[in-house]
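Both complexes shown next keep chain A, but they swap its partner, so chain B is in the first and chain C is in the second.
What follows is the complex of A and B.
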């Protein structure tokens, strides 16, 4: 069952354009949206949330139109942006008072227990909190009404490794329930390597591919050698190349390359970089 | 909608505290110098200015982008700002009246009758100001909006003072004191119409806004 379907989404934003974006997120899985800054990842999430009005295309969440059933759908959505976006004079206690009047299933007990677990102060104003604290608060706010789908837009950017790890733990715990799903946009591919099941690669407003993480890491290989040896690799196998200290590094499709060539397993970051730089 | 109003009240709470101290200081000062009406004006406008502060706080934190991901419609977000405007304008007029009356017992700046008609006229002016400013802030933001607001407020104030100074020259006959009093008491109710029109305009502006 798909919890999120995006079909032929197009949106013009100034000179930039999202073109025919299509992907599906299955229930119980985590999809990573990867791409460079400005590739269109955030714009896609903003279109899904109807913060940006799509020019054309169809978006359904829980099999319901994302605009027509906007408020109903949001009861089951948890959202985290790259910032907290809460007026800085508010405290966690204030936020609990507000959110229990907003969400039908707001769980104050869960919220306060998680604040304590992650050392987020209850009585401090948001403006006095560190960036790490703010982002932990953001994710706890997104989880305390027990949503079914999390939409995360670069939530770990600018965080130190310890806080990033804590956040990923929270997300892994969330995914223990098979009815839960996550769409996670990030340019920090390490984070996605840890939790994503599928990867959708966005480049210049278009989807380059959607593949499962495992097949992505298996289908591609990283070859390193001299420029001369590189000529022996069939050109249709080469996805991207870059010069290295020893000659050339190539990202290749394993199926087109003879087993005689020794290939390393690439990281998602390397797959992304080679795709962007081209063949 | 209660939640959204609470969010604004929590956000402006700190600012309100310091503004109340400042207001009390001005009150004492104004009564000493026999400038009672200015105190009334301060008191009521003080409340409505907080609505503008709430817009500024929202803008600083980019709240709308986040607020619109909650299960709340765009219409309710706008409605909450208008209810907040009415609450703060009427609330500050009502809650500050006993304090003004108490001060007046000692200083005797004006009659109770004068006070109430003044409160009504100033509340009406505050509501009119909010009716104009809310759609402007929604359309242009608080930074740019302020300049538009200056123009919108300055032009009518300029014409009113120009006409009142030249009543004799234009041979305008002023209505009787009784009629003026009636008009003053009715003023806040007359302002409900521009407030309603402003609300409808704001809904239209906000419905098409992207974040």
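What follows is the complex of A and C.
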């Protein structure tokens, strides 16, 4: 069952344009939206949330139109943006007061227990908190009404590795319930390698590919060698190349390359970089 | 939901809403000592309106971000802003007009104009109290709004009636008085219209 379906989404924002974006997020899975800054990841999430009006296309969340059933759908959505969307003069206690009057399933007990677990102060104003603390608070706010789908827009950018790891733990815990799903936009691909099941790569407002993480990592190979040896690899197999200390580094599609060539397993970051830079 | 949003606005703007009048009172008090009441009054009014507007815009921006991703119908957010603005406008309209009348009464002494000013003070103070109660949601919305509208209508008529009395006088006080009377009357009118529009939409589209 798909919890989120985006079909032929188009949106023009000044000179930038999202063009025919299509992907599906299955229940119980984590999808990573990757791409450079300005590729269109945030715009897609804003279109999904109807914060940006789409020019054309169809978006359904839990099989319901995202505009027609907007209020109803949001009861089951947890949303975290890269910057904190909370007035900074409030405390966690104030926020609990607001959220419990908005969300029907708000769980104050869970919220306060998680604040304690992650050492987020209850009585401090948001503006006095560090960025890591703020983001932990944002994640806990997004989780405490027990949503079924989390939409995360660059939640880990600017965080130190320890806090990022803590946040990923929270998300992994959330995914223990198989009815839960996450759409996670990030350009920090390490995070996605840890938790994503599928990867959708956005580049210049278009979807370059949507693949499961495992097949993505299997389909591509990283070859390193001299410039002369590189000429023996068929050009249609080469996705991207860059100079290295040995001569050349190539990202290739395994299926088109002879097994005689020794290929390393690339990281998602390498796949992204080679795709963007091309040949 | 609307009550929660209104309380939220009030809570976040509350200190500023009360600090500004206090500051203005002090400012007017000091200026009175130097017999500059009308100048102090005009500048106090303008400064307050600017500060409140800026604070409201900033609060609105913060709110947009938080509430826009919550399960709150968009029209509720728009309405709440509208109602809150109407209430704040009403409070400031009445507060400043009361102040103005108070100063007129001092100048006029216990002549018939002085008595009219005193009556005006009573009327506007009652409006001010009602508005404050409305702002902190101690009155049921619809009934209080209806009562408030009626009072505002009286206030508007009163303001318009008072205007020629002051414009007939000579000197700076006439000019300032006229401007302030027109400004206060306009504020009352806008507030009243705001309520009419809000209530029209609430009733017509069953948004209550």
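One rule holds for everything that comes next: the second predicted complex is superposed on the first by the 279 of 279 C-alpha atoms of A that agree within 3 Å, B and C clash if a C-alpha of one lies under 4 Å from a C-alpha of the other, contacts with A are read in each partner's own complex, and residues count from 1 in each chain.
To be clear about the criterion, contacts are C-beta pairs under 8 Å (C-beta built on N, C-alpha and C of every residue); 3 or more make two chains touch, one makes a residue touch a chain.
Just so it is clear, the structure is predicted and the values come from calculations on it, not from any experiment.
If you put the two complexes together on chain A, you find that chain B and chain C bump into each other.
In the superposed model, A:103 makes contact with both chain B and chain C. By the touch criterion defined above, A:72 reaches both chain B and chain C. Of the two partner chains placed around the shared chain by superposition, chain B and chain C are both touched by A:86. Within the superposed three-chain model, A:41 lies out of touch with both chain B and chain C [touch as defined at top]. In the superposition on chain A, contact is made by A:53 with chain B only, not with chain C. Counting the residues of chain A that each partner touches, chain B and chain C differ, and the larger count belongs to B. After overlaying the two complexes on the shared chain, residue contacts for A:275 are found with neither chain B nor chain C. Touched by chain B in one complex and by chain C in the other are residues 49, 51, 70-72, 74-75, 77, 79, 81, 85-89, 98, 101-103 of chain A.
On the side of chain A, the complex with chain C involves touching residues 49, 51, 70-75, 77, 79, 81, 85-89, 98, 101-103.
Residues 46, 49-53, 70-72, 74-75, 77, 79, 81, 83-91, 94, 97-99, 101-104 of chain A are the ones that touch chain B when the two sit in their complex.
Of all residues in chain B, only 2-4, 6-7, 10-15, 57-58, 60-63, 65-66, 68-73, 208, 210-211 touch chain A in the complex they form.
Every residue of chain C that touches chain A in the complex is listed here, in rising order: 1, 4, 8, 12, 59, 62-63, 65-66, 68-74.
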